[in-house]
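Sharing a structure below in structure tokens format, with a few things to ask.
The first chain written gets the first letter, and so on, giving A, B, C and D; residue counts start at 1 in each chain.
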Amino acid sequence: MANEQSNSANPNVDLKYRRKKNAEEMKHQVVTFVLMIFFTVISFIAVAMEDFSHWFIKPVILLLAVIQVVFQLYYFMHMKNKGHGTIALFLFSGLAVGLITVLTFLTIVWL
Amino acid sequence: MHADEKFTDATWPAAPEKATLEGKNKYLGFWLFLGGETVLFASLFATYLALKDKVPNGEAALAKDLFELPLTFVATMLLLTSSLTSVYAMYHMKNNHFKQMQAWLVLTIALGFAFLALEIYEFNHYVHEFHHTFTSSAFGSAFYTLVGFHGGHVAFGLMWFISLMVRNARRGLNLYNAPKFYIASLYWHFIDVVWVFIFTVVYLMGMVG
Amino acid sequence: MSTYANKKGFGATIWDYLTTVDHKKIAILYLISGGLFFVIGGLEAMFIRIQLAIPNNDFVSAGFYNEILTMHGTTMIFLAAMPLVFAVMNAVVPLQIGARDVAFPFLNSLGFWLFFFGGVFLNLSWFLGGAPDAGWTSYASLSMHSAGHGIDFYVLGLQLSGFGTLIAGINFLVTIINMRTPGMTYMRMPLFTWSTFVVSALILFAFPPLTVGLVLMMFDRMFGANFFDVAAGGNTIIWEHLFWIFGHPEVYILILPAFGIFSEIFATFSRKRLFGYSSMVFATVLIGFLGFMVWAHHMFTTGLGPIANAIFAVATMAIAVPTGIKIFNWIFTMWGGSVKFTVPMLYAVAFIPSFTMGGVTGIMNASAPADYQFHDSYFVVAHFHYVIVGGVVLGLLAGITFYWPKMFGTMLNEKLGQITFWTFLIGFHLTFFIQHFLGLMGMPRRVFTFLDNQGLNTGNMISTVGAFLMAIGVLVMVINIIITSFKNEKVGNDPWGDGRTIEWAIPSPPPFYNFKQLPLVRGLDAYWVEKMEGKKEMTPAEPLGDIHMPNSSFLPVTIAFGLFVAAFGALYHMDDKSWTLPIIIVGLLITFGSMLIRSVKDDHGYHIHKEDLMDDKDKGGKA
Amino acid sequence: MKKRLHKWRLFALLGIVGLVLSGCGEPFLSALKPAGDVAQSQFDLLILSTLIMVLVIIVVLILFVVVLLRFRRKKGDETIPKQIEGSHKLEIIWTVIPILLLIVLAVPTVVTTFDLADTKAMDKKDKDGKTKDALVVNVRANLYWWEFEYPDLGIVTSQDLVVPTDQKVYFNLTASDVKHSFWIPAAGGKMDTNTDGVNKFYLQFDSKKAEDSNNLFYGKCAELCGPSHALMDFKVVPKAKSDFEAWAKDMKSVKEPVVEGDAAKQGEAVFNKSCIGCHAVTPNDSRPEAARQAPNLATFGERQKIAGVLDHTEANLKNWIKDPEKYKPGNTMTGTYGELSDSDIDALAAYLLQLKVEEK
């Protein structure tokens, strides 16, 4: 991460390559987006149907939410790219602290 | 290298948001801040889950009385789409296309405002139809605090985008403001991430019971 | 305090400090205000001890005692220990990693001013109708019940200074991750930098829960919410959890920097590299990590049930292992070394047995069923003063003495330093050792008085005598500082003679741009490495070039001040006063206006030119 | 020389442990003089952990002293010590040994935690809804006073907790205003009384130990609860099982307080006018909790203390009625019953001191 050199010797070749790569990445982003919308719709439909047991529905929609968030983080927010190790470490530590908090509040708040 | 130096497409770096030390610092610092925000929202979620449907008496509104799928669905679509439009904006930022970037940002902002308007309508609806207010029950306090905190983040994000766009409308992209646009869009994605959990945990799971 | 600052008038110096973004000056600001709050908190402690010297004393009234007690704890933790820790971090960390400044100099200043206004706000409560009186933990049922505005001052004051702390944490993280000089790999970082790194991470994750807790309390008290109102479905245990999820990491936020300081001191004055450097780093990280798993050990008697209690008890005990690793590594750093007993080293040496005693009573507390007896008794008071005073305060005294020459270019007097050391140390053990027994003999904490004939008289008297000894020690230290500042005998780069890390390679105090050329780090204890090769200076890692510097700014003060103003509005909002809303709005306008100015006005800083640097032959050193 | 120093330190430390072992403090108050199984098991943990900790401290101290004596820098000594990186062997030693020591402490800790939380006996009800074979006391903590209700016996009392010895006594703990904590140091650790719900635990009082402390233990509030937190004391009166049953019978049989003498009669009248709204004078107070706003005074004449802290004398009683604020700042009785004349107060005192159940 220290010294990412962004410009190569021949800017024009480089530029074309970069444009292509950016466009490709944008395509991935759109696919990601479509998937996210798809998951969202599934979640809503599952709830709207009203004939699943909530033991089944709750884990499923939570799982879909987690997948969506992973998409957001790794694609939209570029965590899949190189040089995000430190960031991932801190974000996941934050998530871990958050999860323990939620777990606590679901279990030992009401005496 | 001066930060506000003008660039051509060819000299514009591949990762303009991280091309200067200042940019790199901002970028990392902002991510760390988001790590902290994660804990902040987790605490609010935890509080909400602990107080969900905890009300003083039988007349107070509960989660399953309140929420309606269509409204939440529309709001969700608006916000998710705004995430995509801001990705487009950053795509153009990386290509040094200032005009297109601004255009996509305008769209993002519009979607954000629409979302916010829906939320205000929704709160208003709960207050008037169900007498479900901030002070009516612990559930009410927790609900409005969690969802309101998110709404506040949306509002702040909108102000941020607007002031960035207005400030830089005339001078275009450079290495001084590219990181600013970039982290504003990171913020916007984070808001979206939080919303994914809100619509799942608060609304959908609230309706399931 | 570079040359040109000395030539300026008084007003200009004040303005300089109000607008500075230089980490070395901000360190001095933190030092002064933290020191001031330490004396205030110490005076409160003296009131506590005087009141408890004899049974049925009426030196202070019951309600007033609770205010003093609350303010003592709150002031000491948030307004004395934390800022003093930040003072040392600001003074040292950028130098230790060879950075020009911290990553966000502007935010650094903002962090300080937020803390400062928060602290002032909290202490204004004394004059505006009464201080908070529900303990520094401010448990929800009592703090909801408490009349007057004391608790509101607590909530808003801590909220303000909490933001400042969070900002400082992020700042240090980015600085350490991004701005290390060439060659300074993670595993070559001095231990103080490592502990700053871990502590900043703890701040990043521990302060948000506190923020949320304070927001909930603010909403309940000021805006009619029901989070803690049981009748409306609320739950007070939420506060306990949120507070301790923050509160336990907080105690490691205090102690880890002290550990870092001691690591530097042991190595320096034993003339030996730190024994087991990598396991020290590992232990630091592990303590930080475990620090988030154990908070419920403060709630053993709350009624969480045996499963939760057992899990948290065992998790808590685990922390003894990494801490023990550190203790033994320090001892073995000295082993085989050439130990010189300077004042900082005296503190470091005294720290080992003192802290160990505090730590092991912590493990005793962790044994849940036994803690049913210890909890909320003076045993706990003894435990935490042993770790805090015997760890954190000794660490700060050591660190401040150790780095005094680097910060101010002059050495504190050794003789007076020794007097402070001995009176403080003896006083400390006298005050708090006996409190273990008071607790076991049935004395609850937070009592404004105790009855006669319960067997508690002698112990309390001894404790009070000890406190007076400590006060004498602190007084001598103040005198020492005053004398030294007047004499102002200048010293060179490495006044202790045994400096190992690169901050000792540049003048004391350093010029405002720190290193003229970033130094090349060629190993752990980089300056020592160079010294052993017979060199006096670091090898530069870059040719001499222009140095980019940030501009000073007054905006941090106005941003923080705006929130300070708004806080008053929020505070009196519950009284249905008509002027509160305008005040809130005006305050927020000041803040957001300043933020807008900041973001709209480009601030590219300025450059010091190469030519000027060449003329400037180490001017900071001789000034 | 070195050896002597070690010995000296060892003795000093043993002395300290000895102090702990022998127990100091007053038997009616000190956790170091356990007066029942619960306190005993906690005391055992205390001793076990103290021994481990003293061991740790001794090891640290020995190394410490050796270092300080052997490795001081002599004046003018400029030798550079060998720069040692570390030692895996040593590091493993001081990782493993503490872990072993902690296991020694952790196992009994976990076992005792579960033992002390075992309140299953409270759930076994007979067909009338009464607890089958356990004595249950509902403890309700209020701003600066304690109420003890024996649900299966139909008795309510305040300030003085009466318990049978040599059997487990189970407690339901709650608070009506802010959080308090119920602590009888000699009988066992504390448990919080929350406003949110009910906590359960049990204690046990040993008859022999009770005698050592003149059949009286001190109880304390151990959670900051306001200005008079320090004064929120209560007393525990342990009685042999038969005596306890006799006491319970006496308590149940009280219908109306019977007092003698003009002064007392007059006091009764004043009391019924000004005080009865809050204070009940019979132990079978069937009003709901929320209506029971003040200590039940049925046994006031037999109390150990007035309001938990004042000595039980007529003068103190009058002072209390005249100005409770002076003795317990922030209490909820202050200013609720208008002005009373001195003669009213004398009469009230005469009346109150005759409120007895046993010593008739």
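Side notes on the structure shown:
One rule holds in what follows: contacts are C-beta pairs under 8 Å (C-beta built on N, C-alpha and C of every residue); 3 or more make two chains touch, one makes a residue touch a chain.
Being a predicted model, the structure only gives us computed values, none of them experimental.
With centres taken as mean CA coordinates, the chain nearest to the overall protein centre is C.
Taking A-B and C-D together, the chain pair joined by more C-beta contacts is C-D.
Centroids of chain A and chain B (each the mean of its C-alpha atoms) stand 15 Å apart. Annotation: 36 Å between the Cα-based centres of chain C and chain D. Taking the mean of the C-alpha atoms as each chain's centre, chain A and chain D sit 53 Å apart. Chain B and chain C, compared by their mean Cα positions, are separated by 34 Å. Shared interface positions of chain B, i.e. residues touching 2 or more other chains, are given as 24, 28, 32, 35-37, 39, 43, 47, 50.
Shown for chain C are the residues in touch with two or more other chains, namely 173, 177, 204-205, 209, 235, 237-238, 245, 302-303, 305. For chain D, residues that reach two or more other chains under the stated contact definition are 194, 196-197, 199.
Across the complex, chain B meets chain A through its residues 9-11, 13-16, 18-19, 24, 28, 31-32, 34-39, 41-43, 45-47, 49-50, 69, 72-73, 76-77, 80, 83-84, 87-88, 91, 94-95, 186, 189-190, 192-193, 196-197, 199-201, 204-205, 207-209.
Those residues of chain A that touch chain B in the complex are listed here as 1, 4, 6-7, 11-12, 14-15, 18-19, 22, 25-26, 29-30, 33, 36-37, 40, 43-44, 47-48, 54, 57-58, 61-62, 64-65, 68-69, 72-73, 76-77, 86-87, 90-91, 93-95, 97-99, 101-102, 104-106, 109-110.
For chain A in complex with chain C, the residues that touch the partner chain are 86, 90, 93-94, 96-97, 100-101, 104-105, 107-111.
The touching residues of chain B, when paired with chain C in their complex, are 2-4, 21, 24-25, 28-29, 32-33, 35-37, 39-40, 43-44, 47, 50-51, 54-56, 60, 134-142, 145, 163-164, 167, 176, 180. For chain C in complex with chain A, the touching residues are 173, 177, 201, 204-205, 209, 235, 237-238, 241, 245, 292-293, 296, 302-305, 308.
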